[in-house]
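Paired with chain B in one complex and with chain C in the other, chain A is shared by the two complexes that follow.
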Partner chain A sequence: MVMSITFEKLSYTYQTGTPFEHHALQDISLTIADHSYTAIIGHTGSGKSTLLQHLNGLLKPTSGKLVVNGQMIDTKTKNKQLGDLRHEVGFVFQFPEAQLFEETVLKDISFGPKNLGKSETEALEIARQKAKLVNLPDDVLEKSPFELSGGQMRRVAIAGILAMQPNILVLDEPTAGLDPKGRIEMMEMFKQLYEKEKLTIILVTHNMNDVANYADNVIVLEQGRLLRQGVPTEIFSNPEWLNKHHLGLPQTTAFALKLQERGINLQELPLTEKKLAQKLAALLQREVK
Partner chain B sequence: MDRFILGRYINGDSLVHKLDARDKLIISMYFIVIIFLANNWQTYSLLLVVVLGCVGLSRINLGFFLKGVSAMIWLIIFTVLLQVFFTSGGTVYWHWGILTLTHYGIVRGVYVFCRFVLIIFMSTLLTLTTSPLEISDGLESLMKPLKYVKVPVYEIALMLSIALRFVPTLMDETQKIMNAQRSRGVNFGQGKLIDQIKAVIPLLIPLFVSAINRAEDLAIAMEARGYHGGEGRSKYRQQIWHLQDTLALGLFAIVTVALLFLRTW
Partner chain C sequence: MSAIIEIENLTYRYAPDDIIPALDNINLSIKEGQWLAIVGHNGSGKSTLAKAIDGLIAPQEGTIKVAGIKLSEDTVWDIRTNIGMVFQNPDNQFVGADVEGDVAFGMENQGIERSEMVKRVHEALTAVNMSQFAKHEPVRLSGGQKQRVAIAGVLALRPNIVIFDESTSMLDPEGHRDIIKLMKKLNTEEKFTVLSITHDIDEAALADRVVVLDNGKIIADDSPEKIFARGQQLIDLGLDVPYPESLKQELAQLDVVVPKEYLSEEGMIDWLCRLLLKN
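On to the complex of A and B.
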């Protein structure tokens, strides 16, 4: 089986044939490799969420097609054929805590596996495991999910998705509304899932620092079209281009750019604090000599 | 993912859009009453012509109105069949137990169908051409006399406009939660009846939680901006009765006279 995601000339139109018709995606062709960490960036309304919802068949292309790990989806694909896909692709929606409904955290996490036909005990076992994976303390497992803090509720919701045991984890602005500390913890957790659990991660974000720090593949959307796809160093190497499309720079890169304007030659713009520190250290050493 | 057509407003600047909301409310309620004056093909044709004329004036695609009919098609079919098979009189075409298919039955069936279409078209026209806020302002203004018998008119109108305002929000929310639960392996509208009923719980509980949270936020936001009930509040949107509103009423008065003249007594 081919383990990757391919979009071929995919277009999607909301509410076709009404005055509210909206071409949300147009002629998208791209490939996302297996076990990659892809960030999707673009302005609000550029079609990021619409693109994501194709990945597990919640939306079907108006024209064109996509292939997810060997499973083809086009206009004519029936919901019944998508059973495996829902299990293959774990989808964390924006504000996923809205999906919680069970009496206890553990029961809520085990809801997915039970729907997949796992027995009660098996499902609870998976739930315990996933709760640990998202760093939920043991004492909250028997509590009502509605008693928890915002950040913890979100972890419960994400554990509920991980309990479906997907190979691909799709995250739609997962850190929106979290405080800075909660955000960093959450991003570190996804990194763990990527490195230790070997998941393919697809992340929609507005935070360029997260893109620079974690992603190895970037997709830029603008008004429903694919503007560019590439590795982060490529995407962030051209500040004028980013500026023209109203996209921000990672903090570190912006800082490095300021240094360069003051005459400190860094050659290639660094994306992460670590890289910047290394470059500066190298420069300083040369200076000392 | 098409939204319900009933209760959806389509912006426009046609003559129908420009009529005062109070005028449109009065006319559509009045029209539903005079539909019951129709009792032969001449009168039903007249009403159909009137409604289609109004639809034409609104410059809104006829498809929207047909969708309104198709949304209620089962109720319509059921009622029509009831009329067709349980009306006696006239030539009998077919007979089985208590079911009879008679000439009168068929005629009654057609009339009932026309009534449904007329009522749905007219009320869809009202909601398509009048924004929810205009409707609730209009209702408030029309209900003003009830204040003298201590009906909390302002509060009712406020409740109505808040409810109308949140219909699309709640529908989006429903869609979102359904998608989230689908991603956790729920199949809505599939499988055994008991499974389908069970599938409603993971949808309803989050929906209630979010509606209650939203209501709380709204209440806080209103109080923070100094809301203290309807006493002495002035209106930002003024409703102005124009000549065209009076003329529209006049038109329906003429339609009534024509109906009285054409109907079989």
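On to the complex of A and C.
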């Protein structure tokens, strides 16, 4: 069965009836296909995190509904009706390492499966597997998570989430605060999870290079509304539109645009460095001949 | 210009039996008014160095002088009045009920007179362009706005050195641009000495000088241009590769002959135009 995620006219209001009432999401209808890599972009405060928190029922719609893995959630849905959804949707919040608490890395990762009723040995086996999946070296497994580097602590937290065997992985600015090397490694790891483990990935990010390099579906939010949804080439094909909405471009596209303005004809604006390099190399070859 | 910070043979271990010290025989002299970027991968010792300069940790070996005064137990409080620190996570820096109260907090601790406090809060909030938010609750501001308030709190104490420890790394692109602009203003117009600890290439590019730390040692100390010419190596140094450099590498892999020296974005565009727009 193909499981997808659908939002139907979903709205969410914080603190209804108080002076702090805020319409964080308004009339959102969209579909996220199974096994897609979706990027959600938009300004701070546009509603990205609010939207994500609906995916595992952490927040319930104020009106409208959504369906995730065949499970419908609307304003009346009770937590106990959500059943397996809480672990089918793996949620990586910003700074997930803040939630580590066990004495050893392995214990921390196996906590979730044990809670789901797996035996000690099964849980530890799953933990070892997931540690490998997030590229944690063997020699850290018996260490305290608090002795590790920031990037490694974050991997432990992510392995703990993967140990619940989710089929949807939700990532809210997962590389914030990592150094460039840590960021690249983390993004490559998500790509592997997407390609090899066939997870559906939903990523909130401000980094347009990551959108261009990894996503196949982009959702743009503005002030709680769905501004646009499409593949990256569509979203980034119109620099004026992006400018008007104060959204950035991938570095390659911004650079290519400057070349166009100087009179170098690239036809379509490329999104990735490789594509631009190929186009330029082809043009240079023609010059030589 | 004279040196405002002088560090000699500084070594620091968090625990006496640490094999690799967090700071390993650091020698560094920073001129008054200079903008120094401190880069290095996670765990290379950047924050430890900042803490040592601010007297938050006491080095086991070596000396630190700030504005000519040697840092010791007796001088640490005086020295600290010269230095303001802005940290990574804007959410951890708030103590006041409203923005004003927050900016005033540090001054209350220093026993500054009420009328003087009011004046400085106003000046500091104006400098960071946040006066219209004086009565707002800090928790309801955006990340960039929170960082601006944190900076105002530092400015109100009138330091001459401001240390930014990855202060832009958690902000969205607009907040990020905002804070970098503000840092630039503080350095060029208000003549603060700026130490910026960063992984961000745009932030490092604004520095007069870039120092690279690795395992607690200074492994490079040069102009941004010279450091940026290191290409792919920069990733290991805790920086991104500047876009023109990484595009050059992609082109080289496609057998295009590329210039060896560092090209800025403008330089790269000019070079491509010269080749492609000959006629």
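Here, the second predicted complex is superposed on the first by the 287 of 289 C-alpha atoms of A that agree within 3 Å, B and C clash if a C-alpha of one lies under 4 Å from a C-alpha of the other, contacts with A are read in each partner's own complex, and residues count from 1 in each chain.
Keep in mind that, in the parts below, a contact is a pair of C-beta atoms (placed from the backbone, for glycine too) under 8 Å apart; a residue touches a chain by one contact, two chains touch by 3 or more.
For clarity, every value in this text was computed on a predicted model and none was experimentally measured.
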{"item": "Touched partner set for A:His43, first chain B, second chain C, both or neither", "value": "second"}
{"item": "Touched partner set for A:Gln15, first chain B, second chain C, both or neither", "value": "first"}
{"item": "Touching partner for A:Gly263 - first (chain B), second (chain C), both, neither", "value": "second"}
{"item": "Chain B versus chain C as contact partner of A:Pro96, first or second or both or neither", "value": "first"}
{"item": "Touched partner set for A:Met189, first chain B, second chain C, both or neither", "value": "neither"}
{"item": "Which superposed partner A:Glu287 touches (first chain B, second chain C, both, neither)", "value": "second"}
{"item": "Contacts of A:His87 with chain B and chain C, given as first, second, both or neither", "value": "first"}
{"item": "Contacts of A:Leu30 with chain B and chain C, given as first, second, both or neither", "value": "neither"}
{"item": "On chain A, the residue positions that both chain B and chain C contact, one per complex", "value": "none"}
{"item": "Contacting residues of chain A [partner chain B, same complex]", "value": "14-15, 17-19, 53, 56, 58, 79, 86-87, 89-91, 93, 96, 98-101, 111-112, 115-116, 146, 160-161, 164"}
{"item": "Residue ranges of chain A in contact with chain C within the complex", "value": "43-45, 149-151, 176-182, 184, 206, 246, 248, 251-252, 255, 258-259, 262-264, 273-274, 276-278, 280-281, 283-284, 287"}
{"item": "Touch list for chain C against partner chain A, complex", "value": "41-43, 88, 142-144, 166, 169-170, 172-175, 199, 234-236, 238-240, 243-244, 246-247, 250-251, 253-256, 265, 268-269, 272-273, 275-278"}
{"item": "Residues of chain B that touch chain A when the two form their complex", "value": "1-2, 10, 61, 63-64, 173, 176-177, 179-187, 190, 201-202, 205-206, 209-210"}
